[in-house]
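Please go over the structures that come below.
Two complexes follow with chain A in common, the first pairing it with chain B and the second with chain C.
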Partner chain A sequence: MTFDKKTAGGVTIEELPAEARFSLRVRDGERAAVAGALGLELTDTVGVMTSGSGRKALCLGPDEWVLSGAPGDAAAITAACAGVYDAAPHSLVEISEREIFIRASGPAVEALMATGVARDLSRIGPGQGARTVFDGTPVVLVREKTDSFRLNVWRSFAPHLLGHLFHVQKELASGL
Partner chain B sequence: MSTYRIQGRGRVNHSEPVYFTFDGKTYTGLRGDTVASALLANGVHLMGRSFKYHRPRGAVSAGSDEPNALLGTRRGKGQFEPNTRATLQEVRGNLETTSQNKLPSLKFDIGAINDASYMMFSAGFYYKTFMWPKSFWDKVYEPFIRAAAGLGVAPSEEDPDDYAARYVHIDLLVVGGGVAGIMAALTGARAGAKVVLVDETAEMGGALLSEPAVTIGGMAGWDWLAAALEELESLGVQVMTRTTAIGYYHENMVGLVQRVSDHLDHVPEGAPRERLWRVRAKQVVLAQGALEKPLVFDGNDRPGVMLASAAQTYLNRYGVKVGSRAVVVTTHDSAWYAAFDLAEAGISVAAIADIRPKIDAELVSKARALGIEVLPSHTVITTRGRLRVKSVSVAPVSNGAVGTSRVIPCDVVLMSGGWTPSLHLFSHTQGKLKWDAEAQVYLPDVKTEEVEIAGAGRGLWGYGAALEDGVVAGRTAVKALGLRATARAPGVGVDRPGTGIMVKDLPTNGDPGKARAFVDFQNDVTAKDIRLAVREGMRSIEHVKRYTTNGMATDQGKMSNMNGLMIASDALGKAPPQVGLTTFRPPYTPTTFGALANYVRGHQFEVTRKTAIDSWAEENGAVFEPVSQWRRAWYFPKDGEDMAAAVARECAATRKSVGIFDASTLGKIEVVGPDAVEFMNRTYTNPWTKLAPGRTRYGLLLGEDGYIRDDGVIGRLSQDRFHVTTTTGGAARVLNMMEDYLQTEWPDLKVWLTSTTEQWATVAVNGPNARKVLEPLVEGLDISNEAFPHMSIAECTVAGLPARLFRLSFTGELGFEINVPASKGRVLWEALMKSGAEYDICPYGTETMHVLRAEKGYIIVGQDTDGTVTPGDAGLDWALGKKKPDFIGMRGLKRPDLVASGRRQLVGLLTSDPKVKLEEGAQIVLDPNQPKPMKMVGWVTSSYYSATLGRTIAMALIEGGFDKMNDTVYIPMPDKTITAKITGTVFYDPEGEKVKL
Partner chain C sequence: MLLIHCPYCGETLPETEFAYAGEAHIARPENPSEQTDAEWVEYLFMRSNVKGVHFERWRHIHGCGRFFNAARHTVTDKFLTTYKAGEPRPDIEALTGIKAGVKEGEK
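Showing the complex of A and B:
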């Protein structure tokens, strides 16, 4: 699905381009080997994102990262991980197509996010993220900058989430 | 302008008139008025009729505790609300208000006949009257009760307004914008805490707004207030007016409802009417203050009889004189100050009757100086007047004996029975209360949350005490936050301290059995009703409440609970704590459904998930059905076809040539890791060890109890990687169950689960020509029967797209399921439609899928199973890995009930009339002539017309069904009894040759 970028009420809502994405699961003992193969650090601090070799890894759980790279990078990521699989067993599953990527940004973005996210947004700093629920819809949320959030939402939930975002955008535009 | 408005007085804007209507007549108010203050400024006291007796009523309070002045309010089409409190709703342009419970008019109401026959409508009237004859219930009593139940008219049109919601996380929430709350907020904010301060009215200040005579910090009270609010703003405190804390939930979650636009003349486009705030506060200070109690005496509900503090509020906050000649009746000093304010504003105060024998000498001398007659040790006997009070009778009380009464003409009676600390939110936390025997009030005691209670809400009185207590509460909260408090309370120059006593219904020299002394104005409960309830055996206040309905109106007894308790205690001869206190529950005040539902309405009511191919189906005329959260194409009718015709055509086309089906909603889980096969062995009933990569198997998932939970075809992609499919509705449930076992039972297994349901779009192609349609599109794989036999899986390229190709069948025909990246689902579909054109490829929906699978006896979990069906019951014993040491449900299957004979088993049913289609869910009996109630041996689970077979088919769960092959059973229906023969479940191609093409 695609939708048009819209700015109103102090927020811009836009679709982000596709990227290669994987769910990476690996235990402590094998983490370093997989990180080495991918060329980036894998932090064990949940909610923190690391980057390297043009790739990013957001730690979602004690043994779980969502790994992203350029669209053409998928085969290389798969090959890199396969190369260390026997020595460092892990799970790498491609989810590039599973989600739609939405960016909400602008001075009123926190108000917009607070209409759907129950978490304390002040505790998610730039470069951090979380798997959470937005108005009943499961999302992975990343704070790119102070006033910019990225929402990764399962494809079939995206229209519902966008329906909410555009509705609240009108609410914000009313100034009340 | 009316004679009741005092020019220049109050906090209303005297240069901005606002026009609104009440019962069709236009009135002028001022910006800042409530509907009640504006009507009172126009000399209108009569604002409604009471619920049960239709007695004329006027505003008794000036706040959210108002039980009488409940109006219908309307802005435009659909924007109607019943029971709006006139004392809280601000006037605005385009506001229509209407009185309630009147027929035909407010001033002349036929329903008032109830009032004349009040002796009939005593407590428990419903229980006693509507008991017999029993036959009257449906036709007479229930319609009568329904018509009489509820106050106001429920809206009949859809509400066009928007409602909003937000979450907010803060250090300190202060509820109540009186001086205690303001000081608590200042204390928090000065220490650097993130603070929200809320008040339910349009302005911060609380009681101070009604008492400008008070001086604080060397300033006039209102100047101090302005300075304090300015400081709060500069410190970044979020100050929210028109915001009610409706409920206090676990872990300091407080629900607030903000009335965003009800006070505005014009609502900007997109603006919500109300906003629900879900506040998570580290610390909460409750500074809700206290509510004044009415006194209970005959005629205490007549328009013009109101709380003393309300009159003071109307005067000082709104610049409105509630009348021209007042009599004050009280048990508390506070009403004396109200009397002084009124007298000083030029309202004649004829007398102050105080039930107490001894009154502060200063108050007495000030009253006398103002020309007010002082009547200590006096009670009220009654009031007179039809639509407005005209006089009040008072009498001296001496040693319990009531003396001769005298009549004092007046047009308002101002009453005060003392003050009840507001315990509502504290009670929501399940905090414990204690009875203060001296003050005769309940106070907050043992806390369960991170909360402080400040000011009048914990029984303190006077501005100095409240300011001081606000600082103390704020400091405690600040300390708990790990911050340092520096704030100190300002001194109070002119204060208004005071004391009072709590009384039951006032003594009278009249017949108490005839006294119309109201305790609960909204539910029309009198003192007599409460005494009657006690006489009839009610001992606990909870029983008294339910028997009399005292405190059960939407005001939750804000005015009536304590008076009810005092009277019940008196009647029982027990102290109030022995009688109890009813429980307060959220919401604090009536709350709109809109605020609670907020965004969850219309299109946003529930997620509707759509596949990548949904748009094609829509463009091609599909009829859809909901399947869990998904909408799925149900069937694709051609011109003029009904569902039966469309499904018959789709079935025939698939069996004859080829059909195409969107199977994208099937749940998909990727199971990866060195222990993947072990995990599969433990989870599913089937053996997986010997399943070679490139092969697939039907998998069956049970619960611990041995009953079927889910099923699906599972492919082994490599040694350590499985592609699991689940039912559409079971996707999330199965993943959760797997994760549950993995994380809690088998944390040692090196295997991980990833949901890939939405990574892939899945298209099923079925029919004898399926291979011919698919083959030209496949690269990198030989899909001939020899190279790619039934139940194979491979990765290849289909229509230029990376694909996971399954060979499997849910129709009994040669079948393939092609998985491609989700965004390319429609590309694949269209490529297959093009390739299949020469074979008349036929898109089919879920209904045809159901029929085709039923013809083959394939079960649908949740339709042919109901959570009590074992693999054996469903004829799926073959799917159990009998040599495996364990799988989920293996032990459950050994339970005596599950191995007993006579269990319901899944069989086929063929009706003796091939045209008769059984109803799914219909019950089955063995002997149709047995007496009722008949012994039912099972029910129909699936039933269809099969175009392939030219007749109807069905599946059913029947006790001992496997041993009853070819027996006749009976399905009694309302109009006839249907006969059917028990058969096997495979109606089509029993040899299973067709899938092997």
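Showing the complex of A and C:
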């Protein structure tokens, strides 16, 4: 699914390029070894994103992270984790094709996000994120900057989510 | 909308991220084959249906994914506390002065 970038009503909605993505599950005892193999820190504070070696890891749950990297990095991530698998058993599942990535940014972005997310957005600072619900759709939400959010949404839910975003953008543009 | 504190995320979050998962602290029998039919009925189907403080499981399904326990007043819908799975049932009377509805003969 692709769509054209649109700026109106103080927000820009655009599609982001593909990237390598993995779901990583690892227990406390093995976490440091897997983090070392990947070349980044894995925090167990839910909602916090760490980065290193050109990769990012967002902690979604006490033993769950979503890893992302450049599109060509998937094989290297798989190999790095496979290298420590015997000593540090874990689960690594590639989900690169599962989602599309949407960025919403601009001065009115909080108003746009608040129409879909029931969370208190001020509790999510830049560099933090969460798995949550956007207008009934499960999403992984990341606040990249104060005025820029990224939504990772399963492909089949994307038409609904985009319909919502563009509809609200029209409302914002018309001054509602 | 209810706001529910997830003890794993450490945040108080909208109800839409959570799923209710029945009464808490119901232990599966350690030796299932030694249970009588009546004991199985008790384990599978009989719930306390409290009017008052109820200990219940919730799952933060659209968040961290974890099951945890909560003490909620079934009349006011107020959550008195939430705590991680595996932790003991908190003393609600000491916390709030409200008597918790614990079924007779329960642990």
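Throughout what follows, the second predicted complex is superposed on the first by the 176 of 176 C-alpha atoms of A that agree within 3 Å, B and C clash if a C-alpha of one lies under 4 Å from a C-alpha of the other, contacts with A are read in each partner's own complex, and residues count from 1 in each chain.
Note that contacts are C-beta pairs under 8 Å (C-beta built on N, C-alpha and C of every residue); 3 or more make two chains touch, one makes a residue touch a chain.
Predicted model, so just to flag it, every value in this text is computed and none were measured.
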{"item": "Chain B or chain C, by number of chain A residues touched", "value": "B"}
{"item": "Touched partner set for A:G83, first chain B, second chain C, both or neither", "value": "neither"}
{"item": "Partner chain(s) touched by A:P126 [first = chain B, second = chain C, both, neither]", "value": "neither"}
{"item": "Partner chain in contact with A:S96 - chain B first, chain C second, else both or neither", "value": "first"}
{"item": "Which superposed partner A:G39 touches (first chain B, second chain C, both, neither)", "value": "neither"}
{"item": "Partner chain(s) touched by A:A118 [first = chain B, second = chain C, both, neither]", "value": "both"}
{"item": "First, second, both or neither for A:G52, with chain B first and chain C second", "value": "neither"}
{"item": "A:P107 touches, of chain B and chain C: first, second, both or neither?", "value": "neither"}
{"item": "Touching partner for A:G175 - first (chain B), second (chain C), both, neither", "value": "first"}
{"item": "Where chain A meets both chain C and chain B, residue numbers", "value": "118-119, 136"}
{"item": "Contacting residues of chain A [partner chain C, same complex]", "value": "46-47, 60-62, 64, 118-119, 123, 130-133, 136, 138"}
{"item": "List of chain C residues in touch with chain A within their complex", "value": "1, 8-11, 13-14, 16-17, 62-66"}
{"item": "Contacting residues of chain B [partner chain A, same complex]", "value": "162, 164-169, 260-261, 268-272, 278, 280, 599-600, 603-604, 607-612, 629-630, 670, 672-674, 720, 750-752, 754-760, 821-823"}
{"item": "Contact footprint of chain B on chain A as seen in their complex", "value": "18, 23, 25, 27, 63, 85, 89-99, 111, 114-115, 117-122, 135-137, 154-157, 159-160, 163-164, 167-168, 170-171, 173-176"}
